[in-house]
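Pasting a structure below so you can have a look.
We just call them A, B, C and D in the order they show up, numbering each chain from 1.
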Amino acid sequence: MSVRIFITGGTFDKEYNELTGQLYFKDSHLPEMLELGRCRVAVDFRTLMMIDSLEMTDMDRELIARHCMDAEENQIIITHGTDTMADTAIILEKNVNGKTVVITGAMVPYKFGSSDGLFNLGSAMAFVQTLNPGVYVVMNGRCFHAANVRKNKQTGEFEELT
Amino acid sequence: MSVRIFITGGTFDKEYNELTGQLYFKDSHLPEMLELGRCRVAVDFRTLMMIDSLEMTDMDRELIARHCMDAEENQIIITHGTDTMADTAIILEKNVNGKTVVITGAMVPYKFGSSDGLFNLGSAMAFVQTLNPGVYVVMNGRCFHAANVRKNKQTGEFEELT
Amino acid sequence: MSVRIFITGGTFDKEYNELTGQLYFKDSHLPEMLELGRCRVAVDFRTLMMIDSLEMTDMDRELIARHCMDAEENQIIITHGTDTMADTAIILEKNVNGKTVVITGAMVPYKFGSSDGLFNLGSAMAFVQTLNPGVYVVMNGRCFHAANVRKNKQTGEFEELT
Amino acid sequence: MSVRIFITGGTFDKEYNELTGQLYFKDSHLPEMLELGRCRVAVDFRTLMMIDSLEMTDMDRELIARHCMDAEENQIIITHGTDTMADTAIILEKNVNGKTVVITGAMVPYKFGSSDGLFNLGSAMAFVQTLNPGVYVVMNGRCFHAANVRKNKQTGEFEELT
């Protein structure tokens, strides 16, 4: 039994374009991160999109949901921008049944020294193997239920609604 | 409810002494790593020893076990050298009841660019919150039962005995 | 005899704001970089401004020139955004006499893994101690005269005009 | 006109063997470091040996001297362990004429986060292009004449004899 990883972009995968001075997306760093973590869980990954989560539409979210349902695996990690993680979680909650879906990301791009990305990926990998079916957001070493999470824009941390 | 972390040393916390060219132990990097991971799980940590796990004696292991039993917390992470993780796991399994104990570490010191430490710490933090009481080794994104794990010296990876 | 360093901002000192996802300026990383390089040249540094060099005006450049002339030191390093380094060099060339002035910077922020900043600072420190009075741009391990340098926008490299 | 780089090993190029927990030599990181520094000076490099400088014999030093004399280039950088840099400098001083030879290295391996290697390489690249013929040790952002330098074992810094 392996874990399926869907890549959607987000801060996680942003890079610095040294010619323009802008942040942009190139390839995902996920394979490199799994290698760094010496991860030996069987995984399959696929890039569904490579966008800032502020630009993610409901159509994008339905596409993600469909991929979750169509996947053979029952354990799914989604890398995602932090700004709209909670929105995606709600849509997946409605559309994906019988699977453990963990959404994670990073506050700082993996390629920058101070990134939380590797820690979050380690957490996500563990939570996806142990949690009951359902949709979760995994950030800050914690796991939140889809319907009960928001990003606190002031602190950059995730917290329960209630 | 918070997580208790006991620090025992191991590769995880080794540093390079630039005057002697030797690897050595100074302070633990655990606080820095939790900060980097933006971890918001309540934790308390204490350094029990700062040694290479090849030098760890059964008396050391009993000390660790006693601290696990005496701790108020039921969720405990132990950072540990990889070489004798499995030995410590067996002794803890015999002596610690009703608690979830996760032993983790790193193949490469945290301070060196290519360390798996942050990934492992993320995994350990998630597994300790979700696994049933028992003693586990967490490495390579995986979780192993105390009685069924060994480090493969050829590959540096952890695997089941059977 | 010590080296004077004037900080003006540029990519060198940009950081990632994890709440907004934007690059911004906070404090200069220069002290940290000199420490990392175990630099034992006596230096004094002062931040004159903290701006993107595309926003630098001629008034800013005259301010830099005045500080160069007023400084007690005859060896001066200026950290600067790469886009208008050559423009500043020309104005300094006209206004600063009898001193060795080296302008340097980075293509990628120091805080991001792949920065050339530390290499450039090492080069600048060496060139400023050895070159005859004049104004120079130091990038790519090379040293260019003020009147004969441009940044190639396609490659991101510095080259002679002729 | 290009710069010749001879690699002899030293802390600079040490790596961490995650199976044995020992430091060891594999390949030189020099090409990677020049790329990181976006160095556009024409260089040719060759590995002469890959050893700890405490193990370097006078025969090794004569080999290095011969390569310096035989090289077409008049600007030569030698990467070298810090412990016996001064000894090698004296032998090269006696045997190499009419060339600018710069010996440099690092207190901490390049692959470890806190290395001074990139800074030193940047300095060495600049000094070798600007100094008069002679043999020099370049560390700590400074340049020392072959006959007037020692490593202070207490501080790890280089200093003049007199």
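In this text, contacts are C-beta pairs under 8 Å (C-beta built on N, C-alpha and C of every residue); 3 or more make two chains touch, one makes a residue touch a chain.
Keep in mind that what you see is a predicted model, and the values were worked out from it rather than measured.
Greatest centre-to-centre distance from chain C is found for B, with centres as Cα means.
Repeated interface: A-C and one of A-B, B-D or C-D share more than half of their contact pairs by residue number, and that pair is B-D.
For the pair chain B and chain D, the distance between mean C-alpha positions equals 39 Å. One simple way to say how far apart two chains are is to compare their mean CA positions; for chain A and chain B this gives 26 Å. Counting only residues that touch two or more partner chains, chain A has 107, 114, 156. Chains touching one another form the pairs A-B, A-C, B-D, C-D. Listed in rising order, the residues of chain B touching chain D in the complex are 11, 16, 18-19, 21, 23, 52, 107-109, 111-114, 153-154, 156.
On chain A, the positions that touch chain B within their shared complex are 33-34, 36-41, 107, 114-116, 118-127, 129-131, 138-143, 156-158.
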